[in-house]
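In what follows, chain A forms one complex with chain B and a second complex with chain C.
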Partner chain A sequence: MLKILQNLDRRWIFLTMFVAVSVPLIMGTTFPETPSDQVLAVFDAVDNLPDGSNIVMALDYDPASAGELQPMASAFTRHCALKKHNIYFMTLWPQGINMIQGSIDILNDEYPETYKGKYGTKYVNLGFRAGNEGVIKLVVEDLKKSYTTDIHGTNLDNIPLTKNLKNIQQVDLLANVSAGYPGSQEWVLYGSSPFDIPTVVGCTGVQAPIMLPYIPDQLTGILAAIKGAAEYEQAIINHYPDLAENPKAKEGLIRMGPQLVAHVLLISLIVLGNVIYFMERRQGTA
Partner chain B sequence: MKQSTIIWTLLMVFGGLGLISVQLFRGKGEVYVREVPVEAKSSSKTSPEQTYRWSTYQEVSAKEKDDPGISFSFSRTLGLWVAAFCTLAIFSFLYGDNPLYKFTEAVFVGVSAAYAMVVGFWTEIVTNLYAKLLPELARMSFFPDMESDVHSDLLYLIPLVLSVLLLWRLAPKGNWIARWPLAFFIGATAGIRLISYLETDFIGQLQSTVMPFIVFSADGSMLWFKSLKNTVVIVGVTSCMVYFFFSVEHEGIVKYISRLGIWFLMVTFGASFAYTVMGRIALLSGRLDFLFNEWLGI
Partner chain C sequence: MKRTVPLLISAVTGFVLIGTAFIPMFEEWGNDAMAWFNLLAAFAFILGGGNLLKMQLQKISAQQAGWGYAAVTLIAFFVTLFVGLAKVGVHPNAKFPEYSWSGNYLEEGGAFWWFFEYIFTPLSATMFALLAFYISSAAFRAFRAKNTEATILLIIAVIVLLGRTYASEWLTGGFPNEPIFGEGGITYSDFKLDHLSQIIMDDFTTPGMRAIKIGIALGVASTSLKVLLGVDRSYLGSDQEA
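Take a look at the complex of A and B:
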């Protein structure tokens, strides 16, 4: 047995992981989630604002991270739509434009009474700007120095939502979904911390340990990885039960089923690896 | 039987099951759209009002394919199959390096670079440079919505000159000129970052760490959990800093504090690793969700 395990082809592990993730995904296995304090802080930050507040949604990610971050961006969008907030979309990633379009589709398809045909009055797409943190520094002080037009080339002075917006210090909340640089950390460094802009972020698991120290003084709340997304979805469903009927609003919750099985598999493999190591050591082969 | 043969056999079985499911759940692997007519009116001081009509296409589920106004979208179906092919080609690297993986990787890198370049050109060079320097020409060519009273902002000549100097690097002679704009960018970036890091990561984090060991509520009772949390933060930060303090030999009490710091660091690395694993599994489930749900319709 030990010999088989010692010479086990690593592709068996890949195959086992494939099965561990696939089966719960196909079965649609979900588990109940209890929103943590950090997630509730994010929920409250959006929900406690009066209806129709102004929110900047900076979606700084690309399709490569969509598997982890799309549920967060969709949940932010739905929550803002339920509160009828005015949304300013922007991105610091070139491929983020498509991610913004995904959120705009949610607004138009699921909340047509509030958002359909209301471009410029209920939401605006500022699109992409190159310049990383340079763009953040500009938009927090003078939006129109960086963005003179929206994504369609319309002058910001001709759009009702942006006409009187001098900078994003004037908005009620900044919600950022980020996959790396430039992203959440840059928004905290150049936006929320120096200018006290209320900010919530959703980030990848890799970024989460970097972002956690900013809570609660420099960051209002954080959705850390897919677990954070699932808890946020649960928090929204708890407060707005009608959303439970929408399967698209449970993307994060559905992805937590495979997480559980895959984590159990990983823990088992770590234990097995250690058992093999100690057995080898006992036999004097390690 | 060799292990590689078994793995290949299993992969073929999974592939076969996938194709059977496509046959069983006909209509999946196909994309249907609904035509949404759009109408917009435009007018300016110099021309009468004009009405523009065009159509956008909204994706609908395969269940609605027989409804009126729903049509099969060849381009979107092709896109779906290309996406599925690319996903499987990238996954094939798990079995071993192969030409299919290399081809898909090259396509991904090329498409990403080209996309970023095109977006950068239209959002920066055209919108932020050309339109600022030559607004009248920009209004006639790309931005009819632009106000006619906008004047050239000559300040934008500076980034234009810097950009040209930067591109000089490609010239056969005098490529040292590119060092000047590069020096400007490095200096400016370092300055901007230094201030922000000092303010947020140094002063801000120091302020956040100054907290009471024991926390009392308004009625005078002790908040145990909050007190424990604060204590862990303070002890953790202090012991980790002692571990990285090399001006004093790590002996006696310092040795024990620095060892505690190592424990805190290990826990932090473990948490980071676990978060990374969670992220990677989420990405895997995202792709598999696409394959099973959108493509195969299982």
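Take a look at the complex of A and C:
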């Protein structure tokens, strides 16, 4: 038995992981989530604003991280739409333009009465600008020095939402979803912290320990990894029960099923690996 | 001259940007400097493209191992560049129907959009998803309790892995909210996995990260000052090039 385990072909492990992830995903298994204090802080930051407040939504990620971050971006978008907030989309990642389009599709398809045909008055897409933290430094002080036009080439002075916007210190909340650099940390260092802009972020699991030290002074709240997204979706559904009927509003909750099985499998593999190790040690072969 | 001018540009720009935090008059200068920086960053994309071409062409001409991949990279680069610049499959903007190139290059249904949606997105997601398989293999082969530190790491990993899923509710959800010893103090529910996971993040990870960040910030400040004062000139290249 020990010999079989010692020489176990790793393709069997790959196959086990594939089954562990795909079965709960296909079955759509979900589990109830209880929103944590950090997630409730994010929820309150969006929900406690008066209807029609101005929110900058910076989506700094690409398709590689979309599996983890898209549910957060979608949940932010739906929550803002339920509150009829005005949304300014922008990105520091070239691939982020397509991620923004996903959120705009949600506004137009799911909340047509508030957003369809209201580009420029209810939402605006500023698109991508090169320069990483350089862009942040400019938009927090002088937006039009960095963005003279929106993504369609329309001058910001001709768009009702941006006509009188000097910089994003004037907005009510900054919501950032980020997969790394440039992203959440740069928004905190160059945006929210020096100018006291209320900020909430959604980030990948590996970024969470980097962002936690900024809570609660520089950062109002954080959604960490798919667990954070699932808890945020649950918090929104708890307050807006009609959303429970929309399966697209449970992307994060659905992905917690595969996460549970994958984590249990990982622990089983660690335990099994250590059993082999101690058996080898007893035999004097380790 | 080759080193003095860049040194001066760095020093003046750097000190102006530091000044923006303290002197209101410097704010506008700082914004101008950042606008120039952003322009330069946009040009860096062209430099990046040029560098990619140079490296891949060198590989192909020298017939280095894996030169075929370099050829695939170049073909993909040029095809994507062409469909993006030529706006293949993009309809003219409704406001300017007479100009065939007036449409958005990312328009749904266009070639560039199709490339992004059906080639780039699945490839990127696949590469990232492969991590799950390699992590599972590594968990089986490398994560061993060889000494005290590794054992502590293992226990913490198990708590966090379970505490971040519904498994914590299954395994420890039934722990009562009753004190273990007498009145007050520690309760059984304090040992719920999700609570332990939160304690690890709040009381160990966060203070540790704060200490690291303060150290990094002090290091960055001192290195930046050395660069701005011209003490550290390594970013300008070696002395031989001067």
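Basically, the second predicted complex is superposed on the first by the 286 of 286 C-alpha atoms of A that agree within 3 Å, B and C clash if a C-alpha of one lies under 4 Å from a C-alpha of the other, contacts with A are read in each partner's own complex, and residues count from 1 in each chain.
Convention: a contact is a pair of C-beta atoms (placed from the backbone, for glycine too) under 8 Å apart; a residue touches a chain by one contact, two chains touch by 3 or more.
Computed from a predicted model, the values in this text were never measured in an experiment.
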{"item": "First (chain B), second (chain C), both or neither touched by A:31", "value": "second"}
{"item": "Touched partner set for A:209, first chain B, second chain C, both or neither", "value": "both"}
{"item": "Chain B versus chain C as contact partner of A:22, first or second or both or neither", "value": "first"}
{"item": "Partner chain(s) touched by A:158 [first = chain B, second = chain C, both, neither]", "value": "first"}
{"item": "Contacts of A:269 with chain B and chain C, given as first, second, both or neither", "value": "second"}
{"item": "Which of chain B and chain C A:137 touches, first, second, both or neither", "value": "both"}
{"item": "Which of chain B and chain C A:129 touches, first, second, both or neither", "value": "both"}
{"item": "Which superposed partner A:277 touches (first chain B, second chain C, both, neither)", "value": "second"}
{"item": "Contacts of A:193 with chain B and chain C, given as first, second, both or neither", "value": "first"}
{"item": "Set of chain A residues, in rising order, touched by both chain B and chain C", "value": "14, 17-18, 21, 64-67, 95, 97, 129-130, 134, 137, 146, 194, 208-209, 213, 225, 227, 259, 262-263, 266"}
{"item": "Parts of chain A lying in touch with chain B, wherever the complex brings them together", "value": "9, 11-12, 14-15, 17-18, 21-22, 25-26, 64-68, 70, 94-95, 97, 109, 127-130, 133-134, 137, 146, 148-149, 153-155, 157-158, 188-190, 193-194, 204-206, 208-209, 213-214, 217-218, 224-227, 254-255, 258-259, 262-263, 266"}
{"item": "Chain C partner contacts - residues on chain A that touch it in the complex", "value": "8, 10, 13-14, 16-18, 21, 31-33, 36, 62-67, 95, 97-98, 101, 129-132, 134-135, 137-138, 141-142, 145-146, 151-152, 194, 208-210, 212-213, 225, 227, 256, 259-260, 262-267, 269-270, 272-274, 277"}
{"item": "Residue ranges of chain C in contact with chain A within the complex", "value": "21, 27, 30-32, 34-35, 37-38, 41-42, 44-45, 104, 106, 116-117, 120-121, 124-125, 127-129, 132-133, 135-137, 139-146, 154, 157-158, 161-162, 164-167, 169, 198, 201-202, 205-206, 209-210, 213"}
{"item": "Parts of chain B lying in touch with chain A, wherever the complex brings them together", "value": "3-4, 7, 10-11, 58, 94-95, 112, 115-116, 119-120, 123-124, 127-128, 131-132, 142-143, 145-147, 192-193, 196-197, 199-201, 204-205, 207-208, 268, 271-272, 274-289, 292, 298"}
